[in-house]
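Have a look at these structures, which come just after this line.
Look at the two complexes coming up: chain A is in both, with chain B in one and chain C in the other.
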Partner chain A sequence: MRRHLALARFALGSGGRRAGRTLTLTLALALVTAAFSAVLFLTEALRREYRLGVGLLPDLTVQRLVAGRPGLIAEAHARAIAAIRGVTRVEPRVWGYYFVPALAGNFTVVGADFAGPSAGVNPGVVLGEGRLPGRGATGEAVLGEALAGFLGLSVGDAIELPVGNGSQRFEVVGLFRSSVALWSADVLLLSLEDARRFLQVPEGEATDLAVRLSTPDEATVAAGKIAELVPGARIVDRQLLDRTYDLTFDTRGGLMGAMLLPALAAFLVLAWDRLTGVGPGERREIGVLRAVGWKTSEILEARLWENLLIGAYGAGLGLLGAYGYVFLLGAPGLREVLMGWSSLYPAFDLAPAVTAGQVLVVGTLVVVPFVTLSLVPAWHATTRDPHGLLRGTT
Partner chain B sequence: MKATSDIAIRALGLTKRYASGRSERTALREVNLEIPAGEFWTVNGPSGSGKTTLLGLLAGMIAPTAGEVHLGGRCISHLRDSHRALVRRHAVGMVFQEFAMIPGMTLEENLHLPRVPEGGPRRADRDRARALLDRFGLTALAGTRVERLSAGELQRGAILRALLGDAPILLLDEPTASLDAENVARLLDLLVGLRNEGRTLLATTHDPRVVNDPRWDGVLRLADGALVS
Partner chain C sequence: MVCARLERVVSHHTSFFTDPEMSLMMNRVRCHGVALLVLALGTAAMLADASSRRAAQGRRAAEVEAAVRLLGTADLALSSASRWLRHPSLSEPGAAFADAPALLDADPAGALIGPPFEVSGPGAGGTAGRTMPWRSR
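Moving on to the complex of A and B:
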């Protein structure tokens, strides 16, 4: 142990003596590590957020397809579905999209029956400001944070929206809390009646039916029975959505990672250039060590320590930088790439989530190749004639 | 011929050839020599005559193309590279013309370089280093970075390092190359003193101030890679 510590101490000194090389490699390594780690951290944090969201979704969502597209479904099916064994609740939902040309995108209109199942919603949990629409009240709306920001609205303001052939004035009575922005950023929440009028969904019909099961693992069995009861139904399984989100983030994260590969390659080329271009000073140092009786294995161990220290510093700096970029700054620039399917991006704080697995992946991808690469030129130099190294003739 | 145990350095048919493109250049050819233990010899010859190559071969830094080197009766030419490194660390003190010091490190750190792979200098090593620094008049410079030392100070430091491991054999490559007359005289006194303590010394030189010194026990002459006397 004492022997290894002495070699590590010598390596630390070597790094200090070649401060320029050490600094360049540390910074380059930190940059590459930060880029890879940011993608990993953000992907994992978003995946976690979306999993939380998917956990709140119904076990099954029943839609009716008309001409291959989702159409309205009769609320009457709800009673038949509720009779299936294992189904604990069936809730008709009214929701849809509204296209805003200025936004060049949609916002989501959701109707809630505050006298029905939605009555259990705790306003303190979901609202950052104001209140939910009152029971039976019309002309009241709750807006998502991003939508309110885009429209320049706050609690107490009013907005005129087209309803049928005319228009209706809605008063903003509340704003969703930023912590639920992932699900509410682009949402306009109205009472059920207002939503029906706005989206032109007739009484007795709904956008879809939300089905809760006593045993979610038997969703496939329940879905089969629902398909028999509702011809032409499309039944979306929550577990399927879960897998879809996973695949989506894996694909986007993978694509971003692949785009960063050239950066990694550039770094490795730089490292190779800096390390194989062992300068005359470094060559001479190896010559001195050989001349005073160091074995090849001892010189290589010292170089291994030196580059492990550089690797550890660089990777540590990179991981810290990525952590700050993702969880303190909110990953500006990268977040939109990984999330972007909406015109209104939810502004929410990502919960820090760094796992040992992520650190291991970064270590394997960046530090291990760097340290391994560094040993090749050192080994090459130690095989030269030490006399020549000392005199600068080899 | 002296008994094997009395011979500190022995070379038998020592030859070194370097590849030079498609041809070969012979740096040393068929050198046979014996240096008795406790004597002080020099190797003279013009530049390029093979003096430094001979020293490199004797120290086990260079592998011979043919022939053998025996130090203290032990053949080192067929040892593995790692074992030859241990010979350089423990059995031979080598003083290089270029001093072989690492810039950025202090003189004391450079002195203890051979001890680093063994876990660094122990108390006995530090005590011995202090005593030698004092003897060589370098105590005040122990903590100075070597790039700030004069050639004379570096030369003494290099000899000090060679002595630190208490090696019985000292090989010196052009030890006076960068010294003024006063420092040459001091160095020669020092080397003679080491000989008188029982060490075997072999120094390459083409410095007339050294060649003409009468205190050597023997002189070897090299010309064009061959021993001429």
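Moving on to the complex of A and C:
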């Protein structure tokens, strides 16, 4: 114990004597850790948000591809699909996009079937203000928070939107809660009939068909039968989505990877600096220690303490910095870049997916390679002749 | 005999902490110990904050479920610039290339939201059952 403490004390003194280098290494390590952790925290939190709602998706979504794009699908297919064994319900859905030049982006128009699946939704749960469009009512709309904010609308206001050669007038009867902004920020929710008129979807056709199964595990079999019934159909399996959506936030390294390259390069340069050899001061120090009888293991232990401390400070500061940056400050800069050029940014509070295990993994991934890399040159130096080290000839 | 051994252990530890050289040694170690303790407490506070935020998220699960039921999709409205960014699960394969002639991926959000391979892959063929082994993960 006494021996280890003495070595730790020597290591602390050694780090203190090279304060500039120690501080630079600690800050560089903290920055690299923070950059990687911030992206990890953000993507994990978004994945977690997505998982909240994925369980309620239809087991199968049937689209029809026309010229490689989703086209309208005949509602008559719904009846044929409903006859397949294991299919409990088929809902033709009408939804689409509306491009607003002033917005430089789309907003999503959703037709809610208040006689069908939307009937059981409690308006008080999902709306922050107002009510849902009445069954059979026309000209009533519910807006997402970001969309209403962008257009400067509140409950009771009216908006006239150009459709084809004419226009359609809607009264805002409700606003979505801010807690569901991640799903509804850009949504214009209308009754099914209004949505059909607004999106110019003819009677008897739908955007897609939502299929519910009695046994979701048989989705692949049902998808095969649907593919035979509806030639050219694209069938999206919820279970498949559930498994693979996990990858969507990180399958494309793209810009995020590019953003992290400088940090990665800095870390590699540091590691290279540590690998290619110790400085003349450290070389002399090792020479003196060897000359006064220190064993190789003692010198390595002292270096281990010194670098463990730098690693612990760097990783700790980096992790805390990344957490504060993402969840307290809202990831300014990173968020704008990742969320794209949309004019409608949902205001949301992400729930961190950070656990003790993740912290331990990130900490280990940073500290272990750093300490290992830094021990190599010290070990090289200790195997050389102490006189040569002192004279600076080896 | 046990008492004698205990006495030796106690005296060893007492001398360890009262030794002036060791005391100096301990000061520096203690200083860094306190700094590391602050970091550890900060990390514990971070984990506690994350846990409380997760609990708050759990409380709004009913709201999210109602919204998904009403809207019919769980895709997040992170970016509405392109339809494949707004609804990656419902966009056709290759939607990212269809926004404008010869346009690849103009929006930075494409770095965050990529179409799921297994969904867009088999979709091109029309069924969900088939997989593309060279793209599966």
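Basically, the second predicted complex is superposed on the first by the 287 of 394 C-alpha atoms of A that agree within 3 Å, B and C clash if a C-alpha of one lies under 4 Å from a C-alpha of the other, contacts with A are read in each partner's own complex, and residues count from 1 in each chain.
We take it that a residue touches a chain if its C-beta (ideal position, glycine included) is under 8 Å from a C-beta of that chain, and two chains touch if they have at least 3 such contacts.
Since the model is a prediction, treat every value here as computed from it, not as a measurement.
Asks: Kindly classify A:G281 by the partners it touches after superposition: chain B alone (first), chain C alone (second), both, or neither?
Replies: In the superposed model, A:G281 contacts chain B only, not chain C.
Asks: Pick one for A:E306: touches chain B only (first), chain C only (second), both, or neither.
Replies: In the superposition, A:E306 contacts neither chain B nor chain C.
Asks: Quick check for you: in the superposed arrangement, does A:E140 touch first (chain B), second (chain C), both or neither?
Replies: So A:E140 meets neither chain B nor chain C here.
Asks: Looking at A:E44 after the superposition, I want to know if it touches chain B, chain C, both of them or none. Which is it: first, second, both, neither?
Replies: Neither partner.
Asks: Considering only touches as defined above, state whether A:G293 meets chain B (first), chain C (second), both or neither.
Replies: After superposition on chain A, A:G293 lies in contact with chain B alone.
Asks: Pick one for A:L189: touches chain B only (first), chain C only (second), both, or neither.
Replies: second
Asks: For A:F107 in the superposed arrangement: first (chain B), second (chain C), both or neither?
Replies: second
Asks: So in the superposed three-chain picture, is A:A6 touching just chain B, just chain C, both, or none of them (first/second/both/neither)?
Replies: So A:A6 meets both chain B and chain C here.
Asks: Looking only at chain A, is it chain B or chain C that touches more of its residues?
Replies: C
Asks: Tell me the contact category for A:D59 with respect to chain B and chain C: first, second, both or neither.
Replies: The answer is neither, since A:D59 touches no partner chain.
Asks: Show me the chain A residues, by the header's touch rule, that chain B contacts in one structure and chain C contacts in the other.
Replies: Common to the two interfaces on chain A: residues 2, 5-6, 9, 13.
Asks: Report the residues of chain A in contact with chain B in the complex, numbered from low to high.
Replies: 2-3, 5-7, 9-10, 13, 16-17, 281, 285, 287-298, 385-387, 390-391
Asks: Which chain B residues qualify as touching chain A in the complex?
Replies: Listed in rising order, the residues are 52-53, 56, 61-62, 81-82, 85-90, 94, 96, 98, 100-105, 109, 113-114, 116-120, 161.
Asks: Using the touch definition up top, name the residues of chain A that touch chain C in the complex.
Replies: Contact set of chain A toward chain C: 1-2, 5-6, 8-9, 12-13, 43, 46, 48-50, 52-54, 56-58, 60-61, 63, 65, 68-70, 93, 95, 97, 104-108, 110, 112, 117-118, 120-122, 125-126, 144, 146, 176-177, 179-187, 189, 208, 210, 219-220, 223-224, 227, 231-237, 240-241, 243-245, 247-249, 251-258, 309, 312-313, 316-317, 319-320, 323, 327, 337-344, 346, 349-356, 359.
Asks: Under the definition above, what is the set of chain C residues touching chain A in their complex?
Replies: Touching chain A: residues 16, 22, 25-26, 28-29, 32, 35-36, 39-40, 42-43, 46-47, 49-50, 53-54, 56-57, 60-83, 85-92, 94-95, 98, 105, 107-119, 122-124, 126-129, 137 of chain C.
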